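What follows is a pair of complexes built around subunit A, which joins subunit B in one and subunit C in the other.
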Partner chain A sequence: MSGRPTTSVVGRVRGRLEGPNTMGNTNGFWIAFAFAVLVFAAYPVLFGASAANRIAMFLVFALLGVSLCFIWGYCGILSFGQVAFFGVAGYTFGIVTINVTNYTGMTLGIVTAIGVSTLFAAVLAYFMFYGGVRDVYVTIMTLVVAIVLHTFMQQTAGSEWAIGDARLGGFNGMVGIGNLGIGVGDVGITFDGVAFYYAALATVVAVYLGLRVLVNSRFGYAMIATREDEDRTEMFGYDTTFIKFVTFTIGGAIAGLSGVLFVTWGNYIDPSQFAITAAAMPVIWASIGGRESIIGTIAAAIAIQTLEFQFHDQWALVIVGSTLVLVIVLLPNGIAPAVRDVLVEHRRPASPAPSEEVGD
Partner chain B sequence: MFEFDLYRVLSFAFQFLDSFAVIVLATVGLAIIFGMMGVINLAHGEFILVGAYATTLAFHAGAPLVLAMVIGVAITTVYGVILERTIIHRFYGRLLDSMVVTFGISIVMIQLTRIAFGNSLPQISTPFSSIGFGPYSYSTYRVALAGVALLTLVSLYWLFTRTDFGVRARATMQDADTARSMGVDTDRMYTSTFAIGSALAGLTGALYAPARSMNPEMGSGFLVEAFVAVVVGGPSVLLGTPLAGGLLGAVNAGFTTLGGTFIGQVAMLVAAILAIRLMPNGITGLIETIRQKRRERA
Partner chain C sequence: MSVSDPTIRTTPAVEETGETSSRILQTRGLRKQFGGLVATDDVDFAVEEGELRCLIGPNGAGKSTFLKLVTGRHEPTAGSIYYDGMDVTDLPTHERVDRGISMKFQVPSLYPELSVRDNVRIPLQRVATPGEFEARTRETLERFNLLEEIDTVAANLSHGQQQRLEIGMAMTLEPKLMLLDEPVAGLSIEETAEIADLLEALRAEEEVAFVVIEHDIDFVERIADRVTVLHQGAIFTEGTIEEVKADPAVRRIYLGEGA
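Right, the complex of A and B next:
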């Protein structure tokens, strides 16, 4: 991909978006990507608002999956705690918008919610990575954090658990959360119904493109080096602890963003959103889709959630679980890399697969 | 405020024994599989579920309790071996992948249990009566389980340090290649160790069948304790498990006595987070580091 002239605007933009760290650097990929975005954009027109409303939810979950894909696939940090940041952001947004019921509240809610979840992730990351917690212990710690949060929120049903007018509501959940909107006082716009769908779609696309730029930057290379061999990267003079800290924090921010979208979708959140089963969903999406492929994770999240919705009966979880086991056994890196290999080998048999790891 | 109160002390003591038993019994199976094979079995809670359900069903079918428990352990062992041979043996040493795949297994098992047996099974009534002290009482059975937990640990210690099997198993754990070249059938060692881990999960399920409500999610109630204790215990599992069980059990019992079950649970998890932060390699890792330093100084 290096032979492309980088003088044109398109070339320069693509230069930032492409690199060995992401899958899909060909013209074909970008055409397919544009087509997919168009299909999603046309979806409410073709299938009506209520069908689009459902897809909007899947897009929100896809964003949650992306937050894990970014830290696990690119930096090797497996976290079961993404739902914790998701939940914290959701509740924070709820607390703010229930207390300030105008556009100022909504705007403030978005900023505060993402701020709080980012800060939460940063504190946890500082605590873990600067404390020398590594590998599987990080995973277990994030799981424990999610469980603590779940246990805590479950028992906040009493009326003494309220912040201003916002009752936390325990296992009953928090109701009456405001919509997604931006503005000051009584002037502003609300993203409701179809508008919400487009807001969610735009967010997913923007986050996807933004992360592609990030993982193909110098920082992205350092992240991947950290994933591959932390000690060696450290020897080369990189501060791997800081890299992991920043990566985990960004992951928390993205999870927080999806949490805000989640609560504004149904104006409701309850602690089951960060129960153990929910905590595993991002891991399932990323594993099946391919944790080293952001687009694969997005596709898997949408596909699996659609499947679960279609089979909305007791067998849905059995199918999802079995798929997970099967994929991990047969394709340990997930579906996206396998698809990429098939496509690339078909088109250019001579060139090596672009994102193959550099061997020792 | 904290005047000496005998009943309170007794209540703490019983609570401690109870927590200790739960943590140790929930952990040993997981810890042995983790320590020996580098596999984190997220389906461990569902292995316990298999043991508990098999025991309960056998009991309701007319078997005496002890026999029902033996059946529970046997079924879980067979179940574990089948799973090891078909899926889990591919994931030795692949820590993160093993977590993901066993999580998939866990989801499927919980849901299949729900489909097959509904949302609950009638519980076996708890044997023995309760110990009364002043206005309080505590289930004798649950306290007695602390003894069983200790006995289990002692037997495992004996098995892994004093028998030929134990030596081979530990050799496999330390250096599988060398062990193989010395004539140890490492594959068989892995399967046997996994079978022991499964049997211990089955035992936990069988023992708690008369003491907990039987529902498809009961496994996750054990999983959290087990996880936390494995991590806090550190790399040397046979020593780490009782130490972690003691530490976390004391925190859990102390805070439960002061503020109720919920506070106890949260305090234990917070203690675990702090423990991992202060001792990234667990209690036994810390002990090992201290020993190393002493040796260097000497």
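Right, the complex of A and C next:
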């Protein structure tokens, strides 16, 4: 392979990934990004499987944060309901894999769980957006959905609340959920332990790159136009209701994907995943990282969850809360845009720069 | 309820002119009520292809409401809207835009946080392929005298530049009917003249009809083929600017107040 065609392929791929709608369009960014991915990839080797196992959980939360960043930062839809799609996917995966305890069940579980959460998001989006619900009322409705699910799942402890062999378990949670795996019957592969870590990392990287392509595409511009001025955008011939509907549904699918990873990590889920504290976390990650920056949200989710783990007592919430207040007061758009501004102003793009933004 | 005396009307009702095929826009009995308030009162209105029509009238005459009915932002209480011979009364806004209706809002409505280039891209990507974006963006900006500002964030443009950019963005869709809501409000005399030149150039180059809401009578006098006076939601009179200005009833309700 000669250098030229490779360059043009790289150029074309970068052309799809880059644009004014995402942060990090420089060589320096991609070098730092590759370095960060490498560090994450080497993590289990360097620090052992149990440390990596913990980071895997943070990656799963990062994905949940991304599902909000995408719809809030890019289309202006502030949702507290991402945990609803996350949890519904988790419970669905649990129900399927408890009833079908082989690789068919795992494969079916992934498909069904993401399908159900996507459909749930689509139905909610349909009634909200085609029903003319806008702005803060969307936020309130999504929060209510999460609270209703929380309340409902809390009271399913009795043995009458079971689907096949899968007991919903109420506040005790659902136990015995299957692992992440793909296959048919007894033939297949399971992603357990370190393999799960790599599956989670690969998923986050793939979703990140996929969303970068999407937000820099025509649809991405339409999302941003809808966020900025819905009436104006409609008057340029865009069906903004449909754009919001599709965006919210994609966000639900990503949240569902993270929900599947969550339950396969601990083989367990309970209704606290729908609680207000849990529902607020994606909003906090995106606010601190920068809701218009996918990479910023990922970094913030990992950082905050690490912090919360280190101080795993009441101090964690105090620290997270104070950070949130400080960031909102000092950097209303979050940390990532501020980092970019500093780097763009003081350094040339080619320098291997934004490791702070990426690597965390 | 109408104040308009039928004898004042200079334009006959639509049916009498018979031929409708050259009409780009026509409304029949168009009515909009907000509760007890009649904002648009049985308006029969028609614009020919390529015509530039000005809508004038006192504040609250229902001019903006009328445009919002044409774009689909408001649903009419009664009546129909025909565009290019087609009944568009029940079409949503974006489908009307697809068929060739475009609009510049009263308050400059740009995407303030985006660059001028990205602002133009929003409408442009609906009608152009990615390979054409850069060339057509430059073409549009050249035409609207904004090429130097291509990388400027829209919020940093002057008011006059914002007005021009928004007209330019609306024109990239190559509309057959362009609605302008007060395109020169708040502009200096020079900027107003610039917009007037621009409209004349656009009309010379393209098959596009305009409906322009404006209070600046000198501007109206310069650009309008015909003028429709709205008063209390109804058509008060129609005609050339000379006819309208000479009408004592129009002077009493509108022009008398300072024009």
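The working rule: the second predicted complex is superposed on the first by the 340 of 360 C-alpha atoms of A that agree within 3 Å, B and C clash if a C-alpha of one lies under 4 Å from a C-alpha of the other, contacts with A are read in each partner's own complex, and residues count from 1 in each chain.
The rule is short, and it goes like this: a contact is a pair of C-beta atoms (placed from the backbone, for glycine too) under 8 Å apart; a residue touches a chain by one contact, two chains touch by 3 or more.
Given the structure is predicted, the values throughout are model-derived calculations rather than measurements.
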item: Which of subunit B and subunit C A:F35 touches, first, second, both or neither; value: neither
item: First (subunit B), second (subunit C), both or neither touched by A:F236; value: second
item: Superposed model, subunit A: greater residue contact from subunit B or subunit C; value: B
item: Which superposed partner A:F171 touches (first subunit B, second subunit C, both, neither); value: neither
item: Subunit B versus subunit C as contact partner of A:E228, first or second or both or neither; value: second
item: Which of subunit B and subunit C A:F309 touches, first, second, both or neither; value: neither
item: Which of subunit B and subunit C A:P20 touches, first, second, both or neither; value: second
item: Those residues of subunit A which subunit B touches in one complex and subunit C touches in the other; value: none
item: Of subunit A, residues touching subunit B in the complex; value: 78, 127-128, 131-137, 139-141, 143-145, 147-148, 151-152, 155, 276-277, 280, 283-284, 287, 314-315, 317-318, 320-325, 328-329, 332
item: Interface residues, subunit B side, partner subunit A - complex; value: 40, 87, 90, 94-97, 99-101, 103-108, 110-112, 114-115, 220, 223-224, 227-228, 231, 262, 265-266, 269-270, 272-273, 276-278, 280
item: Residues of subunit C that touch subunit A when the two form their complex; value: 71, 73, 92-94, 97-98, 102-103, 105, 109-115, 118, 121-123, 125-126, 169-170, 173
item: Subunit A - residues contacting subunit C, complex; value: 20, 218, 221-222, 224-225, 228-229, 231-240
